[in-house]
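In what comes next, chain A is part of two complexes: it sits with chain B in the first one and with chain C in the second one.
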Partner chain A sequence: MTNEEKYNKAFIESFGIEKDKLNGLKYQDVISWDSIGHMQLMTVLEDEFGVELDIDDITDFSSYEEGKNILRKYDVNLNV
Partner chain B sequence: MQKLEGVVIPMQPTSISIQLLAGNENYDEMPHLKPLVPFDDTVISFFDELSMILMKHPQGRDFPDVITFGFFIRKANIKRQMKSYTCLRSNVGRGVSFHIAPSNVPINFAFSLAVGLLSGNACIVRVSSKSFPQTDIVSDAISSVLEKSKFSDLKRYISIVRYQRNNEINNFFSSLCDIRVIWGGDNTISELRKSPLPPRSFDITFADRYSFCIIKAEEYLDMQNKKKIAIDFYNDTYLFDQNACSSPRLIYWVGSAKLVSQAKEFFWSFLHEALIDKKYKLQSMTAINKYTASCQSALDYNNVEIPKVLDNLISRIELKNLPEDLPERTCGGGSYFEYTDDEPDKLFDIVSRKFQTLTYIGYTRSELNSLFIGKGALGIDRIVPCGKAAEFSLIWDGYDLISHMSRVVSID
Partner chain C sequence: MNNDDTLSFDLKGIQECQQNRYPQLFVDSIVDVIPGVSARGFKNFTYNEWFFPSHFADDPNVPGHIQIECLVQTFIMTFLCMDLYRGMKTNFVSINNAYFKRKIIPGERLEIRATLDSFKRGIAKGSAESFVGEEIACSADFLITLPDVLENFKPKKK
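Here is the complex of A and B:
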């Protein structure tokens, strides 16, 4: 699985949504991406990519796209 | 009878059943286990695996408290917490910790286990005899993680137990422990204190406490996120039916009468909306208690006003002065005293040892720091923004739990 596939899978499974919803998806756009869903997503991403996210990055992780920028800071390249 | 360093250990009672929910059933063995160091690697990896199970649990979304616990114990957070403990290099656990979890906050037993283990101790955790789904979810997950061979040794350090109130069993577990962690109320503390502790052991007690919220009306009126503030306040209060020690019961409004009155209108109507959105269910018994509390206050205090409300979800009691016995009036289920003043100074007249958490809206940390710290208040152990009242931290009720529950070995 590529990093991008892993990233998408984390969203799809944490929020129970389809892949076509991902582009442009923002925090609270779907019911399941609330504060609880956010904690679930962060934990899955940390586990999947073996990173430990900073509290500020967890707070700033406000959209599908923004999340990619944040992970890049942890040397997780999502276009490979 | 067994003897441990000259102390007689009562035999494990056989007549009353101790139900083991997870971990080690060989309780007598626990005082002989080697204490761990704080933030032991195996303990951290145990909690990280437990976190993964809880975060992906099919019932997780129904229990935000379980998810919050899972999020707290994940490796990234524990490592972050560790950073403030660089001074612990020569600490070790004290031995056995015996935890008596409360019945008002279901997930509390899990946090208590976490601090016990993270500070290096074996943990016997008595969960509430009330049955909560959260207890089963977390205990089952603990059991399944402990089944892994890499945690077979750690399994000996954990016992999650349930038993009906019983002095004989309290005596037994108390005789085994180095630290007894009693989550109140006050009655539970007195009950447990009847059970003797070994000479060097001690209690960490979390008694009944009183919490309140301070709101600067002018700042609140300027805030754009009133809906979020309402949800934050809901999480501090209604999530535990306002029965957590950290749930505010008094709202201290700061500002002119005019501004406060405007702010109140926004605040309570946004809260009411949040209650409808969250489908908060008020038990009939609680509604009656709230009504009785309002009537009682109107009888006991001068010039009390009870604002009219749409339904019974929010009960408000407006006070003209701050009576000293306020902390004794803890109705729960959304019953609030309100007091208004130009300045926050009046708080000092009533802050006693019983005061625990001050939540705030419209203040900055530094403002509150200069208002309260070093001014000789007998109470207030935590000052946190609204929404974080119930957020667990390794420092609780004025105790730095990791330091308190570990032993400092001084080496010269």
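Here is the complex of A and C:
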């Protein structure tokens, strides 16, 4: 499984949504991406990629696309 | 702090840690607390409890939602005993796998054993089970938030 597939899987399983909803998805666009869902997503991503996200990155993580930029700061390359 | 590094709380100490008050406080004492790990609580039921006359007049027993409160009020002591979180309010996120195995009647003492599985960014996950003597009374899994902590980790913009 590529890193991008792992990233997508985290969203799909945390929020119970289909893959075609991911592009452009923002915080609170779906009912399951609420504050609780957000913390679940952060935990899944940390476990999956072996990183510990800073609080500023957790509060900046407001969309599917923004999350990719944030993970790159932790040397998580989502193109492999 | 006890000699074995566990913590104990009487009613005053419990109320310093959590904000539940009469008639919604359903644990009398807490012992064997390992902060961030586990806690053991006790609740003594007498006929003077406000709910016994109405549940039920001819067969007084502890309502299920109050049994759940006994479990969760012991469970939250596993993290509200820590200085950083002492006295904070808590909210339910989910209650799963709740089972009620035994009727609890006036005169009985409930022992609650709670375990904290994870605690991160204001979200606590764990479980508790209760006993009358050696008989299991009820059990449940909990997801609980500390809204004042969670607030610090919410995305700033949509």
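Note that in this section the second predicted complex is superposed on the first by the 80 of 80 C-alpha atoms of A that agree within 3 Å, B and C clash if a C-alpha of one lies under 4 Å from a C-alpha of the other, contacts with A are read in each partner's own complex, and residues count from 1 in each chain.
Here is the rule we use: contacts are C-beta pairs under 8 Å (C-beta built on N, C-alpha and C of every residue); 3 or more make two chains touch, one makes a residue touch a chain.
Bear in mind the structure is a predicted one, so any value in this text is a computation, not a measurement.
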Clash-or-fit label for the pair chain B, chain C on chain A: clash
Which of chain B and chain C A:Glu52 touches, first, second, both or neither: first
Chain B versus chain C as contact partner of A:Tyr27, first or second or both or neither: second
Contacts of A:Met39 with chain B and chain C, given as first, second, both or neither: both
A:Ser62 touches, of chain B and chain C: first, second, both or neither? second
First (chain B), second (chain C), both or neither touched by A:Lys19: neither
Selected from 5-13, 77-85 or 113-121: the stretch of chain B that, after superposition, runs into chain C: 113-121
Doubly contacted chain A residues - partners chain C and chain B: 35-36, 39, 42-43, 55
Partner chain A, residues of chain B touching it in the complex: 51-52, 55-56, 60-61, 64, 67-68, 70-71, 74-76, 79-80
In the complex with chain A, residue positions of chain C that touch it: 93, 120-123, 143, 145, 150-158
Touching residues (chain side chain A, partner chain B) in the complex: 32, 35-37, 39-40, 42-44, 46-47, 51-53, 55
In the complex, chain A residues that touch chain C: 26-28, 35-36, 38-39, 42-43, 55, 58-62
